[in-house]
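Note that chain A is present in both complexes that follow, paired respectively with chain B and with chain C.
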Partner chain A sequence: MNPLIPLFIAVPLAGAFLTIILGRFLRDAGRYTGLLVLLCLAAVSIFAAATINGEVLAYKVGGWEPVNGIPIGIYMVMDNFTALVLCIINIVGFLALIYSVTYISQYTSENYFYSLFCLMVAGMNGVVLSGDLFNIFVFLEIASIASYALVAFGVEREQLEATFKYQVLGGLASLLILFGIGLIYWKAKTLNIADIKIAMGSNPDKIHYTVIQLLLLSGFGLKAAVIPFHAWLPDAHSSAPSPISAMLSGVLIKAAGIYVLIRIFFNMFIISSEIAVLITTLGALSMVIGVFLAIGQWDIKRLLAYHSISQMGYVILSVGIGMILLARGTKPEVATLAISGGIFHLINHAAFKSLLFLNAGAIEYRTGTRNLKEMGGLSGLMPATSSTSFIASMSISGIPPFNGFFSKLIIIIAAILGKFYLLALIAVIVSIITLASFLKFQRYAFYNKAVVGREQEIREVPFPMVFSMVILGLLCVLLSLLAIPQIRDMFLTPAIKVLTDPQLYTSTILGM
Partner chain B sequence: MTLIVKKTTQLLAGIVFLYGIYVILHGHLTPGGGFAGGVIIAGSFILLILAFGSEFMNLTREETGTTLTENLAILAVLLIALAGMIVGARIFFDNWLPAGKVGELVSAGVIPLYNIFVGIEVAASILTIFLALVIFKEEITK
Partner chain C sequence: MTVYILCFILFLVGLYGAITRRNLVKIVISLSVMEFSVFLFLALIGYVEGGSAPIIDPAKPDALYVDPLPQAMVLTAIVIGLATTAMLMSVIIRIYRKYKTLDIREIKNLRG
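And now, the complex of A and B:
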């Protein structure tokens, strides 16, 4: 696996530039280049997840060996957690791109779409693989700038307004992150995540350390749309073209926000209980406020966007519970359970939320509206869309046997075992409200009385769109297999071990 | 613009262009390099466009050319980096050419090559941005 690591970044970058060059001569070049690139990436990421087996692989770019035990080059690090997130990015990316083949043909200059899409995937792969903070920042900017352009792809009034808001808040997030990185470099004299832990860990200046943690928490919190920083998300995610909404909501907020937060707070900082309590509070707030903002929405994509905030709250909450328990040093097995629940929910959310956005796109493609009040009776007219969206709605509401049930169950069990009874109760209540709002979505879109006079125009969407939705629907069912202990031990447990084991990551990378 | 401005620009632009090439080629020896030199080269073109006016040339055709050049140059950088995975130490971004003697123009392995292509890339992309803004303004006034 080791020599293949740079391909995750080099292949999509090459795809992005080739698309523009070939696009000058062939009209459909972007479509085929993009599909080929994402197919390769999806295959390599599945291969990586299957073969990594709990190892931590470090790739030194340019072959720069450490001097006196201090890493001087750029490191790319691949472990089980990275491999899982890479799988999410590239598989969801591939399916969203298949969906785009017909969906995007209603816009002009398709080749730019595929080029930007490849750039965004390259940026996210880079964020996930990078082993030092500055490269995380660089790739974060690549992914963010590509996504700003993609949100505005329709160049309508609404999309331009959304992308402006997104750019301003995204720029603010980048500023906070860069400031935090600067403060780290000032004290630690290094940017390698593993090396920072050694350099800062011995005698941290308490105030300086807390300021850095807060800066990075708010910077990446803005990227992840945790509740006080969520203002950009509903606009940006609802006005982007649907495959892009699926990528933003299903993948980008995880790869650029949650993944980096988890990585730096577990592998770079020493977990302190104050920050852990703060993170848990933010998670609980996002969960509750997100769902209450969602339930009153009548625009499908806005409703889904607010639910993203709420579901990300579950992930942050459970990871926070794990951090509190680890900081206290009590019940390490419950902490492991809580973190595994969070990461399981992260994977599940990628499957069902991107599926829901693709469903919303399919509905908009045929009916031309996103308003729930203007649709109805679509279940007979669009059977594939209707059935897949039913699966996804039940998954997100936590109904067995779909995947969302198992991850929410693990999170709630972990909260009860860790004696956080109130948080467990909130998680259950939020899940019930989620169910209510998705029943509303199902009823108004698919089962209500049909809108009179339009039955002839509305039919099932073209095959590529149905294909992506059906595969994601199958994934929603199959991912519940991760709850079986043997399969969990293969994929999830080694990923948790990298995070909870204080020595494994640092010592492997520094070669100690 | 007046004849004086046009004539002076014609005389200056070539020197600015040559200086850009000098900065790029000596990137591994002196301060500067691909990025700085690329900006200077783009500056020489922008000077000419400003002096002679936008009706002098076919803007959209120029923009196609710069976009194409930019993408080809950045692809070349990526290919040199990927070539490191095939020859030599088989590592991404490996310096796979012989290092040569310190201080000579042809030395430092692949770094001058990176500088050259980064220079082309930066010059073409800055020119693309400039042309895009000019085209946008022309379309607005129409």
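And now, the complex of A and C:
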């Protein structure tokens, strides 16, 4: 597995540049190179997740070995948690790209689209894999700049306005992150995540340590659109072309925001209960405010974007509960349960939220509107879109047998076992409001009286779009298998172990 | 210590500009000011009192050098900052063509 690690970054980067060069000679070059690149990446990521088996693998770029036990090279680290997130990025990316083949042909300059898409995937893979803070920053910027351009891909009024907002706030987030990295380097004199833990862990200066944590929390919180920092998300995610919305909501906010937050707070900082309480509060706020902002929306994609904030709140909440319990040192098994619920929900959210955005794109492709009041009766006209969006809506609202039910159940059980009764109650109530909001979506889009006189024009979307939606719909059902203990032990438990057992990550990288 | 405080004041000046200005170009300039205050900070933390440029000279084995790593970081960050600013400026040009204004109060199609 070790020599395959750099492929996750090298292949999409090469794909991005090849697309532009080949595009000069062949008109459709981008489509095929893009599909080929993402197919390779999806296959390698599935292989990685299947074979990693609880180990932590470190790839040293250029073969720079540590000197006197101090790592000096660039490290790429692969463990079970990384492998899961890589699977999400590359599989959702592949399906979104298949969908784009027909969807994006409405726009001009298709080749630039595929090139930027590959760059975005390269950036996200890099963020997830890199083992030092500065490379996380660099790859984060690659992914962000590609996504700024992709949000503005239609160059209409709304897209430009949304991308300007997104860029200013994204730029602010990058500055906060860079400032935090500078403060860390000032004291620790190293950038390697495992080494920082050793260098700062022994005797941290309390104020300095807290300032760093707050800076990085707000920086990555901005990228993840946690509630006080959420203003850009509904605009950016609803203005982008639909496959890009699916990538942004389904993958980018997780890889660039939540993943890095989880990674640095568990593997780099020593968890303190004040920060853990702060993170849990932010999660609970996102959950509640996100869903209340969503319920009044009539634009489908804005509705879905606000639900992303709310669902990410679940992930942050459960990870926060795990952190509080770990910081107190009581009930480690409940902490493990809470974190596993959070990561399970992260995976599930990638499946159902990207599916919902693809559905919204399919509806827009045929009816030309995103306003729920102008649609109706689509269930008979677009059967595949209607049935897959029903699966996704039920998943996100937590109805059994779909995947969202199991992850929400685990989160709520963990909250009750950890004696956070109020948070458990909030989680249940938010889930019910989510259900109400999605019943509204289903009723107005698919089951209401049809808009008169449009029946002949509206039919099912072309095959590539249906294909992606059906595969994601199947994934929504199949992912609930992760709740079965044997399968959970294979994929989720080792991923949690890397986070809860700090020795495992640090010792492998430093070679102790 | 004074340099660090001046650096932080520069950051706050940029933040003030980004929040209060109404003109899109001025917002971008404020962002750049913030960006450069962070770069300055990174360059400062690598400075060693009395250190010379970090090129190892075999003739002077015990010479004092400044830390080269923050310098490399600043170079990378400057390139990234350039890309972000160029991207923002091109978006502003497009916005101006569509809206015929750079005033942020008149560019508000997205609400709610």
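Please note the rule applied: the second predicted complex is superposed on the first by the 512 of 512 C-alpha atoms of A that agree within 3 Å, B and C clash if a C-alpha of one lies under 4 Å from a C-alpha of the other, contacts with A are read in each partner's own complex, and residues count from 1 in each chain.
Everything that follows uses one rule, which is that a contact is a pair of C-beta atoms (placed from the backbone, for glycine too) under 8 Å apart; a residue touches a chain by one contact, two chains touch by 3 or more.
All values reported here derive from a predicted model rather than from experimental measurement.
**Q** In the superposed model on chain A, is it clash or fit for chain B and chain C?
**A** fit
**Q** Is A:Ile20 touching the first partner chain B, the second partner chain C, both, or neither of them?
**A** Touch partner of A:Ile20: chain B, not chain C.
**Q** Report for A:Gly62: first if it touches chain B alone, second if chain C alone, otherwise both or neither.
**A** In the superposed model, A:Gly62 contacts chain B only, not chain C.
**Q** One more residue to check, A:Pro3. First (chain B), second (chain C), both or neither?
**A** first
**Q** Looking at the overlay, what does A:Leu178 touch: chain B (first), chain C (second), both, or neither?
**A** A:Leu178: touches chain C, not chain B.
**Q** State whether A:Asp79 touches chain B only (first), chain C only (second), both chains, or neither.
**A** In the superposed model, A:Asp79 contacts neither chain B nor chain C.
**Q** Taking the superposition on A as described, I'd like to know which of chain B and chain C A:Ser239 touches: first, second, both or neither.
**A** second
**Q** Taking the superposition as given, does A:Asp195 touch the first partner, chain B, the second, chain C, both, or neither?
**A** neither
**Q** Just to be sure I read the superposition right, which of the two partners does A:Asp132 touch: chain B = first, chain C = second, or both, or neither?
**A** It touches nothing on chain B or chain C.
**Q** Rounded to the nearest 10 degrees, how wide is the angle at the Cα centre of chain A between the Cα centres of chain B and chain C?
**A** 40
**Q** Which partner, chain B or chain C, is in contact with more residues of chain A?
**A** So, of the two partners, C touches more residues of chain A.
**Q** Between chain B and chain C, what is the tightest CA to CA spacing in Å in the combined model?
**A** So the smallest C-alpha to C-alpha spacing between these two chains is 8 Å.
**Q** Show which residues of chain C lie in contact with chain A when the two form their complex.
**A** 11, 18, 24, 27, 31, 34-35, 38, 41-42, 45, 67, 69-70, 73, 76-77, 80, 83-84, 87-88, 91-92, 94-95, 98-99, 107-110, 112
**Q** Which stretch or stretches of chain B touch chain A in the complex?
**A** Chain B residues touching chain A: 64, 67-68, 71-72, 74-75, 78, 81-82, 84-85, 89-95.
**Q** Help me check something: in the complex, which residues belonging to chain A touch chain C?
**A** 134, 137-138, 141, 145, 148-149, 152, 155-158, 160-165, 167-168, 171-172, 174-175, 178-179, 181-182, 185-186, 189, 191, 235, 239, 296-297, 302
**Q** Over in the complex, which chain A residues touch chain B? Could you list them?
**A** 3, 6, 10, 13-14, 17-18, 20-21, 24, 59-63
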